[in-house]
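Before I ask anything, here is the structure I am working with.
Labels run A, B, C and D following the written order; every chain starts at residue 1.
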Amino acid sequence: MQELLDRERTALAPLAKEGKTASYIPALQKANPRAFGACVIETDGTCAKSGDYRERFTIQSISKVLSFICCLLDTPAKQVFEKISVESSPAAFNAIADLETHETKKPLNPMINAGAIACMDFVAGDTAEEKFERVQALTRTLAKNPAIGHNEEVFRSERQSGDRNRSLAYYMKSTGIITGEVDTLLDAYFRVCALEMTCEDLAQIGAVLAGDGKSASGEEFVPAPIVKTARTVMALCGMYNESGRYAIQVGVPSKSGVGGGILAVVPNKMGIGIFAPALNEYGSSVCGIALMGALSRQLGLSVF
Amino acid sequence: MQELLDRERTALAPLAKEGKTASYIPALQKANPRAFGACVIETDGTCAKSGDYRERFTIQSISKVLSFICCLLDTPAKQVFEKISVESSPAAFNAIADLETHETKKPLNPMINAGAIACMDFVAGDTAEEKFERVQALTRTLAKNPAIGHNEEVFRSERQSGDRNRSLAYYMKSTGIITGEVDTLLDAYFRVCALEMTCEDLAQIGAVLAGDGKSASGEEFVPAPIVKTARTVMALCGMYNESGRYAIQVGVPSKSGVGGGILAVVPNKMGIGIFAPALNEYGSSVCGIALMGALSRQLGLSVF
Amino acid sequence: MQELLDRERTALAPLAKEGKTASYIPALQKANPRAFGACVIETDGTCAKSGDYRERFTIQSISKVLSFICCLLDTPAKQVFEKISVESSPAAFNAIADLETHETKKPLNPMINAGAIACMDFVAGDTAEEKFERVQALTRTLAKNPAIGHNEEVFRSERQSGDRNRSLAYYMKSTGIITGEVDTLLDAYFRVCALEMTCEDLAQIGAVLAGDGKSASGEEFVPAPIVKTARTVMALCGMYNESGRYAIQVGVPSKSGVGGGILAVVPNKMGIGIFAPALNEYGSSVCGIALMGALSRQLGLSVF
Amino acid sequence: MQELLDRERTALAPLAKEGKTASYIPALQKANPRAFGACVIETDGTCAKSGDYRERFTIQSISKVLSFICCLLDTPAKQVFEKISVESSPAAFNAIADLETHETKKPLNPMINAGAIACMDFVAGDTAEEKFERVQALTRTLAKNPAIGHNEEVFRSERQSGDRNRSLAYYMKSTGIITGEVDTLLDAYFRVCALEMTCEDLAQIGAVLAGDGKSASGEEFVPAPIVKTARTVMALCGMYNESGRYAIQVGVPSKSGVGGGILAVVPNKMGIGIFAPALNEYGSSVCGIALMGALSRQLGLSVF
């Protein structure tokens, strides 16, 4: 695995020039577009890592998986799915028209901004701080890394430029999808997006999700049904508007973030964490998707 | 005219039972659904009034006409129309999908909520208070009534239940349509919606607009081109989603509000103010529309 | 008037270079983009004409006014408006999404393709030929020109390239908006679009519509209420997606066609016909709109 | 397996009363809503069947899987995916607005009507008959049943009531998505929808797809990459607007049809065919979905 990972990472690194770092906030734009790290951790704990795997980055939309899991841990699924749908969206990740034109007015799924903000309403905690700490605590547990925290500069930038998300939140408030305070939910949302870690941390989280919620030593952190639900939603809607294409080419439940990270979970086999901040037009890591494709083809990882 | 007005008002009053008062805030819901007042003021100053013409009510969306006029007085038209379109909208008055799916991302016209909020950005004044006072001052001048003010209870209720408008405003902020502070613009917007007056005040305002911006005594309050622009937009989009039907049946530039008011302007002839808070499904006064239809047919008022 | 018309036509002719002839069928594309003719006929019969007023062209969407009038002559208005709305559309003239997303599923108005095809269902006649002849007969009567006919080459081209209209028609068939045979309605629709005449013919038609349906000699061709309805719909939706802007700048009930024609009706004053096939981005004659603006400003023609 | 299948089928049969047979054509409506048959065929050929497994029914939308496979067999994938997307659609299966409002104008995926009609353009054959026979031939091969044919009465009914599909096809013709004759493609499309078989035939087809395109004896009928692509698309979009929910609850690549059939494929394990024509609000078999849920839970079939 180590050899495969090194070889493919090296071979695919030049693709970085086809992408660009996220530009909507300065902190993301200044990332090194040539950075490329990857880590694979199997469910038995075996670990391979390559390249810039020590580099820390904000997980951005990958946090949606963690918030969704907290949401399902803290609130009965029935209640959650009354407010949040799980169907895929062909529209952009921050589309508001979808909220209005679809009959249910429900956010289409927990992997788009509207859905993730609505999830935050179901995460335990009365304040933004408490909700954030709830998600951070789970993240630290799954990653086995109590040092994980958020990047305050990125958090502040996101909050400052977050008018589109504010619009989504107030819309959902007006239709009764969310009942909490908009500022509380958004604050918590922006803060979990700014959670900072390495691709090794992501791989560690992925390994627990691959193991149906259990660590290599057998300890259960998340009940299996919740893990399976999260993996399903990742498989269907985790890669923005190219989720379908990615499912055909890679076929592994994954979630990408505009910070350049990808969290991938091969059920019963392994967790994969990748960091390569040059993004394609959909907002996912160019090198990350290419590496997932190579690993999937060579190791037969597709679940389909 | 007095006789005609009395006769038609009496004949049409029973229609009130086909409508309902607005229910989204308590202050509007508790209005007397049987109230029905009307006033006609010709451009020469002749006045006829009938029924509950002394009743005060909040003008709600009728304020959009006044804000739009202020906006054109305070900012060059070219600049205004770069941000606000003047095409009609078949969608609901508070639709957000329109903002997203139309190529320009501009609010469709100044008579829908999004457009009216955007107008407020172009009204003179740095604070909500200043912008409100700007519109209030024009209103007092046009109505020749320095006692006109806003209803604080209604303003507070609207602000409290205004999440949909907040969503619209943050959306426009995110796309650069508005540049001012969302809270400032909304505060001013909610406050002008709560401007309170009688239908006689409305008729007085209408008379000035009918007279191309001049009072009966010849004093110019608003330049004629701005008045014509306002009348055109009223004719095309003033009656929510039934603007087209109303144009065929009545054919008079008008604007209705969910407080039960209608402001109608017959160019070069008269201003008409009506108050009758039982609303139809589109949010306009049932008796008001019926009375406008009767007056238009009998006096040949249609501009088309 | 003759002098004014000559002067303005000459002054505005250079604007033609800012537009382009329609390109979707060869017959329209080969029109001379510099051609520019105009004719004004007052309700008393006085006539002024200038430039290429003898040039024949196909009226295209201007036929929608004539079909709509036939539709109202042949079918009770109540029945028509159960199937066709009269609200404006901010979307493109051939949008199909509007049919699907608006609650009523009704075409938004008779001036867009879907509405005009639906109108044809209400025009008297069992076959395409009969329906076409019905509209052609009215056209000849209003224009006082029994020689008016259609351009067979244009008709065939339109029919051949009419898949978008076929899609609209089958959609309306599937939702019950139209009940007749799709091919019959489309054939009649494409044929009236290919009606060929001069701008003098258009002005003559306009003069009758300006005179509430009566000719200069007082003969009634169309009842006044139907004429008023047609003028209202023209004023609100006659100029494609710039109807609102045109209403502010010109303010005269008008309908344009991609053949380069404009039919304008100033109530109780005059009919205006223009031909100048260089089109702007919305599909209306560049020189035609400019000339209407000049005439409206100088003669005070705006109805608003 | 046989025991499990009998037990669950019997236990779930009463759910039929919660659904209704399809009503848009008479032939489907007259199906017995209490019919319920199921068949499981493992990749090694082991077969279990229960209930009304000898009942023949038309496969309707299940044919979309077969047409898609033919399309990929007959045309390079690159060419296919230039015209047909593979993203999920939250809109109804026959939505046309999606075609218009999404930037690409591509049908969202091959499992909705628009996509399936577009697929037919890429299936070998010049005539409707040839295209139909191409899909029928593959179907007979996969099901190992040369007696499979289509139901002429259902085909004629569908074609007669197919205006919505005609609208979709002409729309795609107008945007260049399809290049063939609309009537040819629709005829072939309606005909494959009317392919008639038993749930045992479906299970047999499913077993081949489960075996990566090979029969139990090892013969390859379809290359593995095409089979995987088909399974992926089924997993993401096979169950109309409840594909996401079904993925969470069942997690098996499946396709349902309004004839009451479900084709399910558990990779490397088994094919499942179900027939139970009482449908839920989305158009899928009520008992079929319930049975799939039970089998998935008890046998651990979810791929996620």
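As a convention for this text, a contact is a pair of C-beta atoms (placed from the backbone, for glycine too) under 8 Å apart; a residue touches a chain by one contact, two chains touch by 3 or more.
Keep in mind the model is a prediction, meaning the values are calculated, not measured.
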item: Chains touching both chain A and chain B; value: none
item: Farthest chain relative to chain A (centres taken as mean CA coordinates); value: C
item: Distance from the mean Cα position of chain D to that of chain C, given in whole angstrom; value: 47
item: Distance from the mean Cα position of chain D to that of chain B, given in whole angstrom; value: 55
item: Rounded Å distance, chain B centre to chain C centre (Cα mean); value: 32
item: Shared-contact residues (touching 2 or more other chains) in chain A; value: 101
item: Chain pairs that touch, as defined at the top of this document; value: A-B, A-D, B-C, C-D
item: Complex contacts: residues of chain C adjacent to chain B; value: 81, 85-91, 98, 102, 108-109, 228-229, 231-233, 235-237, 241-245, 247-248, 251, 253, 267, 302-304
item: Chain D-touching residues of chain C, taken from the complex the two chains share; value: 95-97, 99-101, 163-164, 166-171, 173-174, 182
